[in-house]
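Next come two complexes built around chain A: one with chain B, the other with chain C.
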Partner chain A sequence: MNTIIKEQNGELIAIFDGRLDTAAAVQTEKDLAPLANCAGKNIVLDCNALDYISSSGLRLFLTILKNAKVQGSKVFIAGMNNDIRNVFSMTGFTQLFEFR
Partner chain B sequence: MITVQHLTKTFVSSDGKQLQVLKDVNCHIDKGEVISIIGPSGTGKSTFLRTLNLLEFPTSGEIIVNGKNILSKNYPLNKLREKMGMVFQSFNLFEHLSVLDNVTLAPMKLHGLSRLQAEKEGIEYLRKVGLAEKLSAMPSQLSGGQKQRVAIARTLAMHPDIILFDEPTSALDPTMVGEVQGVIQSLAQEKMTMLIVTHEMKFAREVSSRIFFMYNGGIYEDGTPEQIFGNPQKTETRNFVHLIRKLIFDIENKDFDFYDMTSQIKQFCIRYAMPERMNPITHVVEEMLMLLSKYENPIHIEITYSELDYSSMIVFVHKGETISPLERNDADELSVLIIRGMSKEIQTQQTADGVQLTFFME
Partner chain C sequence: MRKKLSKWKRSLQVRNGLLILILAAVLIQINSAVQYFFARNGIAQEVEQLAKTELKVKNMEILQVVKSVETAVNNMSWIIERQIDKPDSLYMIERLLVSQNNMLTGAFIGFVADYYPERGRWFEPYVKRYDDGTLIERQIGSENHDYLNAQWFLDGIAADSGYWSEPYLDNEGAEGMICSYTLPVHDADGKTIALIGVDISLNWLVDMFITKDNNKQSSVLVSRNGYILACPDKTLVMKTTINEITDQMNDTTVDRITNSMLQGDSGHAEVRNDRGEKSYIYYSPVEGGTGWSMAVVFADKEIYRGLHTVAFQLTLLMILGLALMSFIMYRAARGYMRLQTINAEKERIGSELRIASNIQMGMLPKTFPPYPDRDEVSMFGSLVSAKEVGGDLYDFYIRDEQLFFCIGDVSGKGVPASLVMAVTRSLFRMVSAHEYAPDKMIMQMNNAMSEMNESSMFVTLFVGVLNLRSGLLRYCNAGHCPVALMNKTVELLPVDANIPVGLMPDWKYSIQQTFLQPNDTIFLYTDGLTEAENLTHELFGEARMMKVLQTVSRSPQELIANVTDAIHAFVGNAEQSDDITLLAIQFNKYLNDTTKTNDIQTLTLPNNVETVPQLSSFIEDMAEKHGVDPSVIMNINLAIEEVVVNVMNYAYPKDIVGEVNITATYENRMLIFTIRDSGVPFDPTSATSPDIDLSVDERPIGGLGIFLVRQIMDEISYSYENNQNVLTLKKKI
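Here is the complex of A and B:
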């Protein structure tokens, strides 16, 4: 599992590549630390190369969302495979996020 | 007709190691029954068949044929084998004799029939197996299916009370299996008593009046084809007839190798051509492990896939527990939603080992 953060056109973009499961969640949480200070910049969670997400990954996404709201930022999800779309749907996460 | 009691057979290898192939076989076979013997390889099916006509002498036990113990010292072995015909996987025809001579040899030598009489009967039996026009052919001129039908005619020519078939179609090309099975089926309709060791499940189901499922050196389950194939009572029978493949994990503590587990699940799903189920299965396993991570009790996991109906399921046993982790008040809601969302059906039951949850997958 690899996570890259970059800033582009005034937005913070987190690019995920691999499987975000229990084992990968601890390192991914550290990799996502730069998003904590979004300071009004919108955040894009790029899931085009994300193969799998477990509840551990969903919790990380939820933390990012809560923190962003406090700072007046929006969080968008870009590109999801069918499995991740299913997980979002069955957990109600589809209603929490905006999608690109 | 035949009663087998406490039959055992132990082979001793050249270095003195003992291998008990038959552990305690008990059964009764009545006249007119057609019994297929099925089961995993190496479980003693062929050995059991070969002990019945004493091609292998049992280590202990009794075989009573028509009221007489054939293991007693004075029992006439030749008479036994005349009445108990055997058809082998590898045909065992005499290559230097014509088809008709293969069929007539034993009746002339052992029953004292004249050549004329033996040939008259032999042609009838060859006609019965559909090979009357091949009576002058040599075995080398025949296909595998034709050779096996000659072998059946040769057995019939001895007027056996019972025929033992030891994997009669295993050595044949798939195109020739049907012609041999057809002959056996016609014998079944004539109420010939037969014991058939076979791996052909469809054939066993169609031809048999009874099925012996052999497992671990014994007859593990005995029933009609409807019972054995439709409603098997025991776990190993069910696994066998449903062609169930398993991946098992036993987790004793929290330091288990999660990476290795997900890798094994991936390989299992790819091996059985169900890559699309890899993520759903992994979701259920991972979220269940999340729910159970608060507890110290060992966990047993079985992921199964049926090659017969392509169904898959996951069995979780939380040892020493009585409450389903899905029903606990403090269960993580996200994990529970994913588990329920990924499963077609969830069954919970209490077993001697602990609470068992079975997840039926889409």
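Here is the complex of A and C:
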């Protein structure tokens, strides 16, 4: 699991690549730290290369969302595959995030 | 052995050739011998005839002269008897005689001694013709020319009739060879008083015998005493007798002939000279009183020279013909042998190809039905190669209640394609032995084949895995023809555009899936079907195939037979240009699920979330093995991970190492997972579900785990047995 954060066009973009399972979640959480200070910038979670997500991963996504909302930033999810979207749907996450 | 045999064969052929040659030679030789024999006989007869004619003609010519001389002299003798008392008038008579007969060189009358006393003892009036034609008369009898004692006179008187003297050379030599004919002259009392005679030059004889002679024949004329009067060698004339010549020969036959000739006989004989050369002699006497005899000699060599020339030419021609014949035969034999070698080579390659073909066909499933005990699925395949060996392949087998199958077409044809085909088929068996996902199989095959692909050959390949429990068909298409799905309608399964196998390593192939319903049939084929050509080079085509598929049976064996018939009907007598492979698989019904597998998989992990990836691959293997839909696999994975991570995080006190044990099995169309731990007793099923309708602010971060498990799994049960938490999760598939 690889996570890259970059800033582009005034947005913070997190690119996920691989399986975001519980084991990977620990490192991913550290990788996502820069997003904590989003300060009104929109956040894009690029899930094009995300193969799998466990509930630990869902927790990370929710944490980002909660934090962003406090700072007045919006969080978008981009390129999520159907299987993961299905998990999002089961857990009601589809109603929380905005999708691109 | 082979070499020896071929050598033997070769020698046999050479012997046969020689035999034919010898036979031809013998036949030709017999033919020429017969011809030669008859020709020789003919020539011999002709020569005999020629000899007889020759002798007869010469005899006639000589006889004519002899007779005319005899007649002239006889006539004159009568006149002389009348004029006997007028000795001086005798010259006139002689003149008359000589002038009237060109043959005569002189005429004379030799009187017996003292017939005219007044004339002396000798009286011989003589008229001689000189070369210029003048006739000179004189009396030549004298003491010096004592004719009375000359042999001719003595013989003439003794004969008392016409007498031909032995030829002699004229005294003066100028006139050459002369012969005299004398006739006695009688007085009234009948007493012989004189001999009237004439001299005949015999030079004409020599000419007669020479002019007519040539190489082939020669003639000889001898006097009664054997003197040679005429023969080709002028120097012998009058110089020698035939006896003298023949005595030197030491040949009894010749001696006999000579004697026979001198006795006045006729006949013929064969003689050989010192050199062994054969000659034929024909002889006969000259008629009349001369006592001459003549012979014609034919040299065998000369008579048959023409024949021998012809025979020689014929022999030469025959040898040339035989040489030509043997040359042609040699060339033909060589050509034949070469042809035989080529044929043998061809045969060897052919037989090797047949073996190769058998090996190749042996790689394909060939017993139908392949699984007589199974009624969930039936299939039938057919592969017809355009050549002995081909590049098409298909394969199928059942493992873990899933049907693995593939169909492929190697680029190119013939032996190279067949080798790649064999490799492909082996690779398919190899990778499908431990892999369940068709895309992964193809990727492994692709990587293996791309690496060793130096001749840039590739395979279009379709690999499918049909779960007999669920009817889930997962497939990966690597550039192969689409597959037809046949139920009430016929349609082509959608296929992604993946490149053929063997072209590019690490190509990511995509997987696709569909669910087959009971009685659905899938029909797979290679492009040999759609590209089958008829005599007008029209292609069978996909449209025609789809049309045919509408009408055919759904039962694999019949389906293949129907399609095959349709191809034959379309193609007619056109030659098959490409391999045609057809494979039909019918999913009859779901596998009877009451059967319980003995297959129980177990995984034990420490209470460390770092080991979660092991869990994931354990679950994925298990699910794939049982043909679970990949999206469902992810969900199962998610659920199991939640409960296992829960155990890892909370069952044991912090810093205490504990274990979590997971077993997985399949039973009654369900995947059953059992998670055991020896930690503090905890029933996750008792946990309350989170409210998923809450807003972001209201949603707690945690609490999703057991909720997801409930959402995903079909059954959840918890028990505490033997100091262990036992959580059982079941998922229908």
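Note that the second predicted complex is superposed on the first by the 100 of 100 C-alpha atoms of A that agree within 3 Å, B and C clash if a C-alpha of one lies under 4 Å from a C-alpha of the other, contacts with A are read in each partner's own complex, and residues count from 1 in each chain.
Note that in this section a residue touches a chain if its C-beta (ideal position, glycine included) is under 8 Å from a C-beta of that chain, and two chains touch if they have at least 3 such contacts.
This one's a predicted model, so the numbers in the text were calculated from it and none came from an experiment.
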{"item": "Overlay on chain A: chain C relative to chain B, clash or fit", "value": "clash"}
{"item": "Which superposed partner A:Ser54 touches (first chain B, second chain C, both, neither)", "value": "both"}
{"item": "Which of chain B and chain C A:Gly92 touches, first, second, both or neither", "value": "both"}
{"item": "Partner chain(s) touched by A:Leu65 [first = chain B, second = chain C, both, neither]", "value": "second"}
{"item": "Per-residue contact with chain A, leading partner among chain C and chain B", "value": "C"}
{"item": "Touching partner for A:Val26 - first (chain B), second (chain C), both, neither", "value": "second"}
{"item": "First (chain B), second (chain C), both or neither touched by A:Ala78", "value": "neither"}
{"item": "Contacts of A:Ile5 with chain B and chain C, given as first, second, both or neither", "value": "neither"}
{"item": "Where chain A meets both chain C and chain B, residue numbers", "value": "19, 21-23, 52, 54-56, 58-59, 83, 86-87, 90-92"}
{"item": "Residue ranges of chain A touching chain B (in the complex, touch as defined)", "value": "19, 21-23, 51-52, 54-56, 58-59, 83, 86-87, 89-92"}
{"item": "Chain C residues touching chain A - in the complex, by the definition given at the top", "value": "609-613, 616, 630-631, 634-635, 637-638, 641-642, 645, 692-697, 699, 701-702, 704-705, 707-708, 711-712"}
{"item": "Chain A - residues contacting chain C, complex", "value": "19, 21-23, 26, 52-56, 58-59, 62-63, 65-66, 69, 82-84, 86-87, 90-92, 95-96"}
{"item": "Chain A partner contacts - residues on chain B that touch it in the complex", "value": "258-259, 262, 279-280, 282-283, 286-287, 289-290, 332, 334-335, 337-338, 340-342"}
